[in-house]
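Below are the structure tokens for one structure; questions will follow.
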Amino acid sequence: MSKLKVAVIGCGSISRHRHIPEYAANANVELVAFVDPVIERAQAYAEQHGGKAYADYETMLAEVKPDAVSVCTPNAVHAPASIAAAKAGAHVLVEKPMAVTDEEAEAMIIAAKENGIHLMVGHNQRFMPPHVKAKQILKSGVLGKVLTFRTSFGHPGPDGWSVDGANSWFFRKEEAIMGAMGDLGVHKSDLIRWLLEDEVAEIGAFVGTLHKQGTDVDDNASCILRMKSGAIGTLVASWTYYKGEDNSTILWCENGVMKIGTHPDDQVIVELRNGTVERHKVGAISTNEKQLSSEVINAFVNGILSGGEPAVSGEEGRASLKVILCAFESQASGKFITVNE
Amino acid sequence: MSKLKVAVIGCGSISRHRHIPEYAANANVELVAFVDPVIERAQAYAEQHGGKAYADYETMLAEVKPDAVSVCTPNAVHAPASIAAAKAGAHVLVEKPMAVTDEEAEAMIIAAKENGIHLMVGHNQRFMPPHVKAKQILKSGVLGKVLTFRTSFGHPGPDGWSVDGANSWFFRKEEAIMGAMGDLGVHKSDLIRWLLEDEVAEIGAFVGTLHKQGTDVDDNASCILRMKSGAIGTLVASWTYYKGEDNSTILWCENGVMKIGTHPDDQVIVELRNGTVERHKVGAISTNEKQLSSEVINAFVNGILSGGEPAVSGEEGRASLKVILCAFESQASGKFITVNE
Amino acid sequence: MSKLKVAVIGCGSISRHRHIPEYAANANVELVAFVDPVIERAQAYAEQHGGKAYADYETMLAEVKPDAVSVCTPNAVHAPASIAAAKAGAHVLVEKPMAVTDEEAEAMIIAAKENGIHLMVGHNQRFMPPHVKAKQILKSGVLGKVLTFRTSFGHPGPDGWSVDGANSWFFRKEEAIMGAMGDLGVHKSDLIRWLLEDEVAEIGAFVGTLHKQGTDVDDNASCILRMKSGAIGTLVASWTYYKGEDNSTILWCENGVMKIGTHPDDQVIVELRNGTVERHKVGAISTNEKQLSSEVINAFVNGILSGGEPAVSGEEGRASLKVILCAFESQASGKFITVNE
Amino acid sequence: MSKLKVAVIGCGSISRHRHIPEYAANANVELVAFVDPVIERAQAYAEQHGGKAYADYETMLAEVKPDAVSVCTPNAVHAPASIAAAKAGAHVLVEKPMAVTDEEAEAMIIAAKENGIHLMVGHNQRFMPPHVKAKQILKSGVLGKVLTFRTSFGHPGPDGWSVDGANSWFFRKEEAIMGAMGDLGVHKSDLIRWLLEDEVAEIGAFVGTLHKQGTDVDDNASCILRMKSGAIGTLVASWTYYKGEDNSTILWCENGVMKIGTHPDDQVIVELRNGTVERHKVGAISTNEKQLSSEVINAFVNGILSGGEPAVSGEEGRASLKVILCAFESQASGKFITVNE
Amino acid sequence: MSKLKVAVIGCGSISRHRHIPEYAANANVELVAFVDPVIERAQAYAEQHGGKAYADYETMLAEVKPDAVSVCTPNAVHAPASIAAAKAGAHVLVEKPMAVTDEEAEAMIIAAKENGIHLMVGHNQRFMPPHVKAKQILKSGVLGKVLTFRTSFGHPGPDGWSVDGANSWFFRKEEAIMGAMGDLGVHKSDLIRWLLEDEVAEIGAFVGTLHKQGTDVDDNASCILRMKSGAIGTLVASWTYYKGEDNSTILWCENGVMKIGTHPDDQVIVELRNGTVERHKVGAISTNEKQLSSEVINAFVNGILSGGEPAVSGEEGRASLKVILCAFESQASGKFITVNE
Amino acid sequence: MSKLKVAVIGCGSISRHRHIPEYAANANVELVAFVDPVIERAQAYAEQHGGKAYADYETMLAEVKPDAVSVCTPNAVHAPASIAAAKAGAHVLVEKPMAVTDEEAEAMIIAAKENGIHLMVGHNQRFMPPHVKAKQILKSGVLGKVLTFRTSFGHPGPDGWSVDGANSWFFRKEEAIMGAMGDLGVHKSDLIRWLLEDEVAEIGAFVGTLHKQGTDVDDNASCILRMKSGAIGTLVASWTYYKGEDNSTILWCENGVMKIGTHPDDQVIVELRNGTVERHKVGAISTNEKQLSSEVINAFVNGILSGGEPAVSGEEGRASLKVILCAFESQASGKFITVNE
């Protein structure tokens, strides 16, 4: 079998830490092109992994004709780059949020369908062992129905993560469109939908720029969610958790509680009304390189090679994005927004 | 000095666990009357502590003419009983929520003023050592400004706490008016106002009856708050935390985070950006009886005897109540509600 | 529904701690007679719970005609008392080991069948939450096939447990027939059969009296077992674990290990080859009276009332006994003994 | 003093991790030759440490005439290589099991005696600090007589340890003769003999190949031992502890229990009947290079240089081997085997 | 054998908690008299245990003629009461400090000798399991010579311990003569002498009344000691450790350190230079009544009955007292004092 | 601004670990010269950091004319080198003890004043986060007055720390003058003065050479201190804590206790009489390079550049030295020595 020729569009931190090394470690993949407006970044990867460097993706798509692309650009470019790739016949793995408007997301799905390509959205939280285990427990029924929940994602902001530090595109509204909500909030809207196998019915949100200087994207959001099932809960995204970082979810259910990501050693803890407690250590997984990976790239490659459904489809990415977009609408209108009837 | 003659109106759990034993332990107090429609309850206390038993407070006020009363009735009776007591010249300690409408609260304040009596609201969270310590740290300035927060209060519901179990007035809307929000939420609106020395500017809330059977009062509420200072956060009240009980508050600030009530041994934990961590064990306080008490009764008695301002004034109680009332309004209207401009 | 009339034959420690209080707590049961050659013991229970006291079970059966009996006598009396009760039409719950020879066990099963009564053997280990949980995990298949195991039960001996201390029947060979193997070993042969859903194929055993004075019953046994499935392991029973008491079982399987009863807080621990660890706290179960009970008495009563199969049948008790009897035969013959082909 | 000229016969994992580096670190030793049928392995060590490389030990012994050799070959070669070395006048350190039959072991002892050389068997467990400490405590008498014990050694098998992985000689019966019993079981027969200063009187064993594929050597053994003193216990060796690895020994004694290797921090724990507990942390020994070594090589070199008795004599090695050989005989015959009268 | 007739002179806290209950629990003792100037206290014990009550010991000795007495009076009465008892032919157990001057101590020893009675001083620290274990380890030689040490005893003062609270004789100089040094310091001078089997050669001390009000006895002392062996160290006694109570001793030796009483669970910890650590849990000793006792009374009674040497002789008590007296002399003179040449 | 030209006099361990790397990391400093009689050491640093190497400081001062110097020589050279530097117009940072007699210290202060240079003494304990936090707490008043204390500093001696090992100048009396007291004791006299803002009034000390071989400098000192405030306590310095190393200070105060450096995780622990406990983790400070430094060099450079007072003045260094000198005098005279009236 010949290898899948993959191009990476956008060479920032997410490419450096996840996409490029995971493609490089995948025996079925050949990295054939790297794209970044800062051409030196693209060239550095080309030297390291082979393939060519480009400053723009149109030229790359035309010249290289890759089998598949990862779209790791600033948010505003997710849709145009993905659609261009789809039209060039390339399978697309696009980072989250998959787009910055619902229309864009819809257009991406249509483009994928029309061009017969595999479109996957990079919602990596679904692949993390604690979340996989949590879903498995929920489905076992031991906890009964979820009644109320809390899910949050907060860290000190992309200043310390991005390759450009405080000058990152994350802080430029025209490129990022969204701040903490696009970076972190969409992870949690996707997680809660997937975990509960439920849809957000209605949302209320306070979204604002509370502390980051020189930017007008949101650095904090506090939201309330009502699910179709009737469960209610809170969803929080923050770039100003300078200490007390948090990527946790707690589900209070009819028969007890499930705590995910609240304890450093035991990533999933179930406490039942009958007094039993189960502690699951699923994340501190030794030296097995594959397990330390995000699993997203492998899922994308396997999906293409097996001809199966995308592990996280465009429809799923669109639904999770819509929750976030409605949060902004709530903030703007002072009203709760109906996400799904 | 002759002792303060105190009558207790309402002989349910809060009287049993807090008001009656703490009055009995206070050397400056004489318990002179107990009131409860279930007259046997009142009689049992009268036998134990002296004083007379009554089935209604009007008769008691007329016959006993107490110096002071505790109002520990169902929520709907808080205002009428307090106003009657004030008119009878008795100082009033009223349980939270002080009333069930803002108009009632205002009338209570006016009645207190007109009759020259001391009106205090029983917001005991302000007196708990972890909260006292937390406020002291916040005021020291070491953490800088509060940016975002989370405060929640959840337990399995009053079924297990009330002297009447599942038949408690807590579940009867005409007496309780409010459920978890009146029982627990108002504690947290009061706490966050007092701790931050800030006012709630705007609130959005999902309030509902998710799991308790045979009642139409709320058993869960998820709220978002915007403070006058600009800080945003979540406030949660729940009667369906069957496991995973929680009375915690986390404040993410400019210089670090303060966690209150999140750790069983160390009730207040401060983690600063410079790496220092302070752990305060303030609550597991040995055998000193006074410190194990709620401090509310002592504060009330001392306030009366010293002629000072009430430790928790009617105005404070009214402001904390208003946050809760606006939450219900938000739920009803589908809009955010402006609490204070 | 009229209550089940139950008589308890034998009023030693197992009756005191388990049978009598659990019958007393069962709403469907009326205790009607107590039998013990030390008549004062029987009388004391009769005074406490009602019913009559007898020194011998034949008289009791004839006079009282109970619906059901518990046989809690020394081992040598298990079979004759059970058969007598069966012939008197009483359902029988017999303590373990159900008999002291395989022929006796067979006769008991026949007597039960012929008289249409419910015969259950008191193998309480099957009802303990850690064992219930362990079996559930094994059946889920996550661990794969059991390859090798270790199961042991050791404590300082019945000197400290029996109502007669060092003068207990446990040390008199004519009444006990077996020592640690009858007391503890049969628990483990039953557990391993039930847990693995497998039968012991072959056994080798060293059984002896190593330390207890003035007795010729065994105080220690070290056995090796080969199961029908091919798994091999060790089974140990001891009355001389003066410290380091142990009632644990470890199963090494294809995909990892399960440790039962090795950790004071987490009664079942599963460690998989892929690095995940699950810790189950199932035994420290709060105040729920039913769960603190052995469950054996309730299972017996429910079995009778529902007309279902015995929770632990005579056939099961016989098979677990046979393992122990073969261990003695191995010790005597210096050979491995085939238990089941 | 001129240095001791040492040759290493067999360049697999045990040479790599223990013999070669420990000889290299010993100031009184000069490494003069390395022997391995895979000549590249021998050459690599010769390049690193000086000396010559050989494919067979006869040539080496003839040409190099070493003062001493380490025999680190597959089990089947232990005896012939040792005898050849002895006849060439070289002192011999032979890995365990020292031979694969009792006759071979006897021949080695005779060859050593006739040629006046120092013969030592590499039973390194005797030198481990926890075992040294355990023996010291046993000899102090504080625990009284050992009554019953459990000793086991299990890991996932040599697939992960050997330089040849799953293709290792460990799995080839003609070279290994024995599997887990020769690799691990003999460690424990030696340890229990040495620790208790007692001899195994009788053994019963189930030995089999339960899970390893493509091999007919044993991967599991469950044994029962009766000591001359009367103590009984179990001895287990396994290559299929894929999790739950174990190299522990527990001794239940008249006055309490000693647990060796059961706790990660405290390698020897003594619990007495009078309530005292002693915890000994003897193994996590800082940076002292000598203590991190096996001590075997130093003991061998010191024994030669001082002219003293071998630290672990051929007679000792033979006795520990005999226990293992009898285990195989028990498995084969279905009987207990008398090891020593 | 007829029982030993014992009288207790002084009925304060030490009698209540130790002497009286331990005599009462000793099968060889009959309590025949209780003496206290507060006659009600003596009468209460007489009612409880039998025997007679007296307000003064002379009358008691004359009338009752006890076989033995415990002297539990204020310090100043230790010598006169002990000498009177000795002259009356009674064996004497005297509390520490045995006297308030060296001359008194000498006179007591002489009186005991002349009257042929058994004189023991109540230095209970010698009998505590951690100290017994520590001495045993020191004598084993594993630690080598003691080089330097620290021993201290501090608590919040006798205000909370004495039956008379802040009005205790402990604070009245004419009765107590010494404060913290007599109460606590003499425990530590005795312990260090006994533990090291060494004598104090020279002492320097700051002794003063730093915080207790209305008393002129010492509440704090900081001392330096030079032992005959050359070891130096500090000895501290304090009645103002309002938190951070301490009864610990650390010995830094040639081969490592021994920490006694520094850890709540492990009362004796030995850390050697070679990296080994031994932790001894000897004090949390279950329900064995004898071990929970001070052992002092049993040692006294056994000494008398066996006719052996006193467990803590008058000479030993005198030597430990002398250290304390020299500390006062050092404080007074501004010089180091030679205790023993 | 041109950089501060700094010369380092003495290139032993303290220069290697603290002075040289911290100057090198300070952007306002240029290292211009290194002085050591072992010229190779000086040359090695010159090669690494630029600047010149010298064998004696006089030549260096004359040729290089540095702006500032660090004096890191043996103790006996501290004063002459500092005075020479001052006369050459260089600012001086001198290691502790600043001198070996009080007269020298006075002369250094005068020389600094006369030459208008900045003189700082390297008492780094004042800058350690636990001590900074402890002082802040003491000044808050929460603990009230310090009543008694214990401060000690012990390790296995400079044999393991010095670049010359056991041949270090630390053991040569003519260069070191003082041993453990000059190395460690002066840290604690300085700390206790600074922490309590109090002066030592009187001292008694046993100082001696107990275990180190081939040296006549002190390896142990046990001292008692009386402060001007009346507080008393112990101060210990030792080079023979072969295990049980200790750099801790405990202050028992009117309202509770403060423990500094007694717990590995929480460097400052405050326990109050009212039951509250505060634990401060201030030392394990992440990756911030500046905080891991001693802060001494930065304080020196900042002091010079800002023209402010020295962070630790000559007067402070002199007062802390005087305590140590009086300890030696006490040992010599057998008397307590008045340090300050």
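Going in written order, the chains are labelled A, B, C, D, E and F, and every chain counts its residues from 1.
FYI, a contact is a pair of C-beta atoms (placed from the backbone, for glycine too) under 8 Å apart; a residue touches a chain by one contact, two chains touch by 3 or more.
Keep in mind that this is a model prediction, so the values were computed, not measured.
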item	value
For chain E, the least number of touch steps when starting out from chain A	3
If a chain touches chain A and chain D alike, it appears here	C
Where chain A and chain C overlap in contact partners, by chain label	none
Superposition rotation for chain B onto chain D, Cα-based, multiple of 5°	180
Self-contact between copies chain C and chain D, residue sets same or different by half	same
From chain D, the most remote chain by mean C-alpha position	B
Cα-centroid distance, chain D relative to chain F, in whole angstrom	54
Chain C and chain E, separation of their C-alpha mean positions in angstrom	54
Junction residues of chain A - those touching two or more other chains	none
Graph class of chain-chain contacts, one of line, ring, star, complete, other	ring
Cyclic chain order when read starting with chain B and heading to chain F	B, F, E, D, C, A
Partner chain E, residues of chain D touching it in the complex	129, 133, 266, 274-282, 284-286, 288, 291
Interfacial residue positions of chain D with respect to chain C in the complex	147-148, 150, 152, 154, 202, 204-206, 208, 210-211, 220-226, 230-234, 236, 238, 240-244, 250, 252-257, 259, 271-273, 330, 334-336
